[in-house]
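Next up: the structures, one after another.
Below, chain A partners chain B and then partners chain C, in two separate complexes.
Up next, the complex of A and B:
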């Protein structure tokens, strides 16, 4: 009987075929972008706008580019084993022996990848990316080898670093009328990270159970809560700590440590919540069933079957997060988050390189120690 | 079986004036010393931190200033040592807990009060490093008849944490640390603003629903610069980090020279990694010409990526299966062939996965590096923020969030495929 409606297998194959074509189209589109960029860069050089002049096309250029790249993608797909097919592991279209031409195209095994069609394309795209990056970023090895006069001045001043304000506050630098030394601000920064981690972990812990499929996935309401919590984690995690700090600096006050703490906390909740709930989803279901069989409710399941299994990895993640938070809190002052970064950017703006060196060395020592300590502790826990 | 004797007594001893005897003396002496020293240092550190934090809180709450000690440093040092001695003699201290030992009689019984007092008094003598080196066991254990034995839970009922000295200590430390942290970072005015001034961010959120369309094209171009900054930094970092990772893998670097190279590279990478990309960006922004801001950002990302990738790669190399190497070596393959057929097949996928992960991080970092002036979209954001152009800043932020989310999703999907 002739099938009218495609089976699930056919539909899946069709979908893969379509995605493969889309990938090929996109890679050729990328090539077209590169070509246009270089054309603009070299031939239609407009001095004032040069930096941003990347996509200047005549009116007929757009449809030409779109159709041309599509044509190239189709040619790739028809003529051999294209990049999109390789990415989706669409091995061979029809079940039939390969012809001699196809073997020569490199669809058979044993050929080095850079001689196959997809390999050529991949190497070409990589080269194009490096070349484009080189021009867009304006990489200049000469500038690296010959430092600017300011750099020479900096290098001559930064050694030896000046630790005179490590313990004694610098009268030139004060925050809200209070003098601070390097040590004071370093301790304050570590406290900021500590508070953010504790607060974040305290909120993420209960939320993580609400965001775990094997705890919530028993009722429609449970699924709803699961979806909301997971969505919250995903959205808030992709907003950087620095961006949160911008918001809270506007909200509370520029340079307030509380703004930094709130920014770190929000991101910590989302990041830790995701890690925690993935751990909860990976537990052994045996104890859960045992507690349910003994008549335990959801809270008792969490208390007696889930928590004992996940506590060590929870500690490991929390330590890891504290390490990250210490790193972040040292520079969060850049966007108004408070902490030792205030001093860092103050000395940088004033050009006091020797004092800046002392601040940087202190930060490095603390961050390094935290990294080492948390690594050792995590090894011990897990 | 002679029980209760240290192992140094149980083995046949060399003649007293031979070289072996000297070697034995240092070997067992330092082992003994290390055992005591680690516990004592842990206890002193634990007590010292608690003391400093309590002083910090007291000074902060009573005077509103920042201070660390209410007493001269030598009083602090003596007090810490004394408290450690008391804790180790009359209870199961933090150091004991970490080392998983406890103080018992040599026959395994519960120490008596007299023995504990003797232990405490003579502890003051034995704290000098020379004594644990010369005497095994150290005088305070010899005279009091006590020793540190491995801790077991056999035949005991577990105590709740608030009945153990370490539990009380940790609870107290946590409380004091939180109090100290809150007292110095949070002020009433800030708290009040946090709960009442949420409306000030409205101009920000509003821009998410009505972005400034006139800057969209420029923002996309900045976005492209940022993406290429991350791509360039990652690809160059891979080129440097792959060879370095072979030099930084402990199992491949054997011998004195190899171990030296391993230590130097690992140490350097660990230090470089501790410096944030933002700080590197500050350095490179001064280093290169003023007009090359994205290049400075790329250099900062590059340096940090190299150190991070080297560590990740080397750790993966250290955990490869040695059986395959032996199998290939048994066929008479040379070093290059071993590398090609035994090592590389095991590491290709993890390496690609780490690279993707780092690329993901680099895109986030590129936005942050831009904020100090490292080019790309971060610089645009900082420009709008300093100009109080909230609507434009919100628009830029919308693009950053979309980019980070997309890259995060893409890299996670690709990594799941590779695993």
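Up next, the complex of A and C:
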């Protein structure tokens, strides 16, 4: 009896061939879209904003574009020069022994990448993407070279910066009825970052072991805890610190440093937790084996076989995070998180450029110093 | 003849990923006080066999008895307790590199102390005394508070032996204890293991790469080939023909002195 259904291998090949065709179709569709975009922009002179929703094509245009790109994809597949084929490793390499010359000159791998049809296509797509981006974002190099009149005014006033309120509080700038100096707020900001880092690391440390595959084992309960912890890390990390600050500022009070600390802490937990657990997963399993063989339980494995291996990199990550938190805490006031940013944005809004200059310079000095310090500490540790 | 100390019955291990059969129906017995050497090519299942005996690896099928206890039936908690009697030393020593030699040796005592104490790094005075005694025995007393990664390979393996001694074991599993060491150091390490066997009456199961070492130290040899037991007998029974059977036709015996 003749085989009607293809074998499993054949079916797999067919499926991959289909996906390759889809990939080719998509890339040709992208090319067509890009070309039409330029035509629209330069030729038909239709406002850009409308382009995204209404592509102005004649009635036969859409089917023509769809079928045309599909045809191009099919031609690519048949002729054997296709991105999709290459991406899914479907192309058939001819097998032949290499000549001595080829081995000697390192040409064994064939033509260099950019000379292959695939390479040409990839470079073309990349160039098209950059060109499209340039026009969509409307990059205007002239605006960079000729600053606006307001900027000139700002620049002329910012130098020399006015440090009169470095230690003496500015009576005009009040937070909840109290005047503050630059130094007051800078100290507050540094402590915000420090607290957020310490709290975040303290919570991330135990959590990171629960989010490490090699510690949790392969039981259903292990998988569940691992999944929950890793999910928590990923979700909370993908929500930026600034968004967390908005949430907590509304929850507690706009402009409260506590909101800033909470926002920084939450993001620190998630970011450090993920970094920590990846370190735990990358340890040498040898000592774990030794501790288990001596009759140690899971807690003892963590204490004696895992912790000693990961502590140096934990320190390095924590210091690195401290660095990030100092930088974040200087601007978190923009979204109600408190700290020196309050002063920064107050002077900006009032147009007191010389005073603003003093704040900016102080922030730069502090961030630079913290960066240097944490860098030196990290060197010491690793 | 006395009741054998260790009984392995129809032991089979299949690794689910890749469907690799590491051990095929392996059965043998070991008397108390024997120095059993396991030989065979890399990948023949020596490490898997040793790790099944203290259940670092769960056997797929078969039973293992140690001192009359069917350890393949024990719960994880009971097994942890049972492992105190089984010392183990490893090819790559498996020391905590960033910790001191003393800490490494004391980890051999983890199974004897309550978790809350070990978690805080507290060990009873008697354990610390025992650690110093064992370090003296392997000739590393003056290195007690040196970091483990500052020692040479041979010294690290001696720390591994001291750690196993801390368990006051009845059985020692040695997984290629000398294959990461040079020939001269190999003998010194093997002699410490032999001393454990002769003086403390510890039953030893050691996998070794070199047949010359196996002949010199083993009281009995078993050989594995592709997960199957292909030889079980006295060291002198392995002649040229047997050797080729175990290691393949192209193998040549290499001496290590």
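Observations
As a convention for this text, the second predicted complex is superposed on the first by the 279 of 382 C-alpha atoms of A that agree within 3 Å, B and C clash if a C-alpha of one lies under 4 Å from a C-alpha of the other, contacts with A are read in each partner's own complex, and residues count from 1 in each chain.
FYI, a residue touches a chain if its C-beta (ideal position, glycine included) is under 8 Å from a C-beta of that chain, and two chains touch if they have at least 3 such contacts.
None of the values given here were measured: they were computed from a predicted structure.
In the superposition on chain A, A:251 makes contact with chain B only, not with chain C. In the superposition on chain A, contact of A:291 is made with chain C only, not with chain B. Of the two partner chains placed by the overlay, only chain B lies in contact with A:194; chain C stays clear of it.
Of the two partner chains placed by superposition, A:227 touches none, neither chain B nor chain C.
In the superposition on chain A, contact of A:282 is made with neither chain B nor chain C.
Contact with chain B, but none with chain C, is seen for A:344 once the two complexes are overlaid on the shared chain.
In the superposition on chain A, A:371 makes contact with chain B only, not with chain C.
One of chain B and chain C touches more residues of chain A, and that partner is B. In the superposed pair of complexes, A:300 makes contact with chain C only, with no contact to chain B. After overlaying the two complexes on the shared chain, residue contacts for A:217 are found with neither chain B nor chain C. Chain contact summary for the complex, chain A toward chain C: residues 286-287, 289-297, 299-300, 303-305, 308-309, 311-312. By the touch criterion given at the top, residues 52, 54, 126, 129-130, 132-134, 136-140, 143-144, 147-148, 150-151, 154, 180, 183-184, 187-188, 191-192, 194-195, 198, 234-235, 237-240, 242-243, 246-247, 250-253, 256-259, 261-262, 327, 330-331, 334-335, 338, 344, 348, 360, 363-364, 367-368, 371-372 of chain A touch chain B in their complex. Residues 56, 66, 68, 177-178, 180-182, 184-187, 189-191, 193-194, 197-198, 200-201, 204, 218, 221, 224-225, 228-229, 231-232, 235, 270-271, 273-276, 278-279, 282, 286-290, 292, 294-295, 297-299, 364, 367-368, 371-372, 375, 381, 385, 390, 393, 397, 400-401, 404-405, 408 of chain B are the ones that touch chain A when the two sit in their complex. Contact residues on chain C toward chain A in their complex (touch as defined above): 54, 56, 80-84, 86-88, 90, 92-99, 103, 107-112, 115, 118-119, 160, 163, 166-167, 173.
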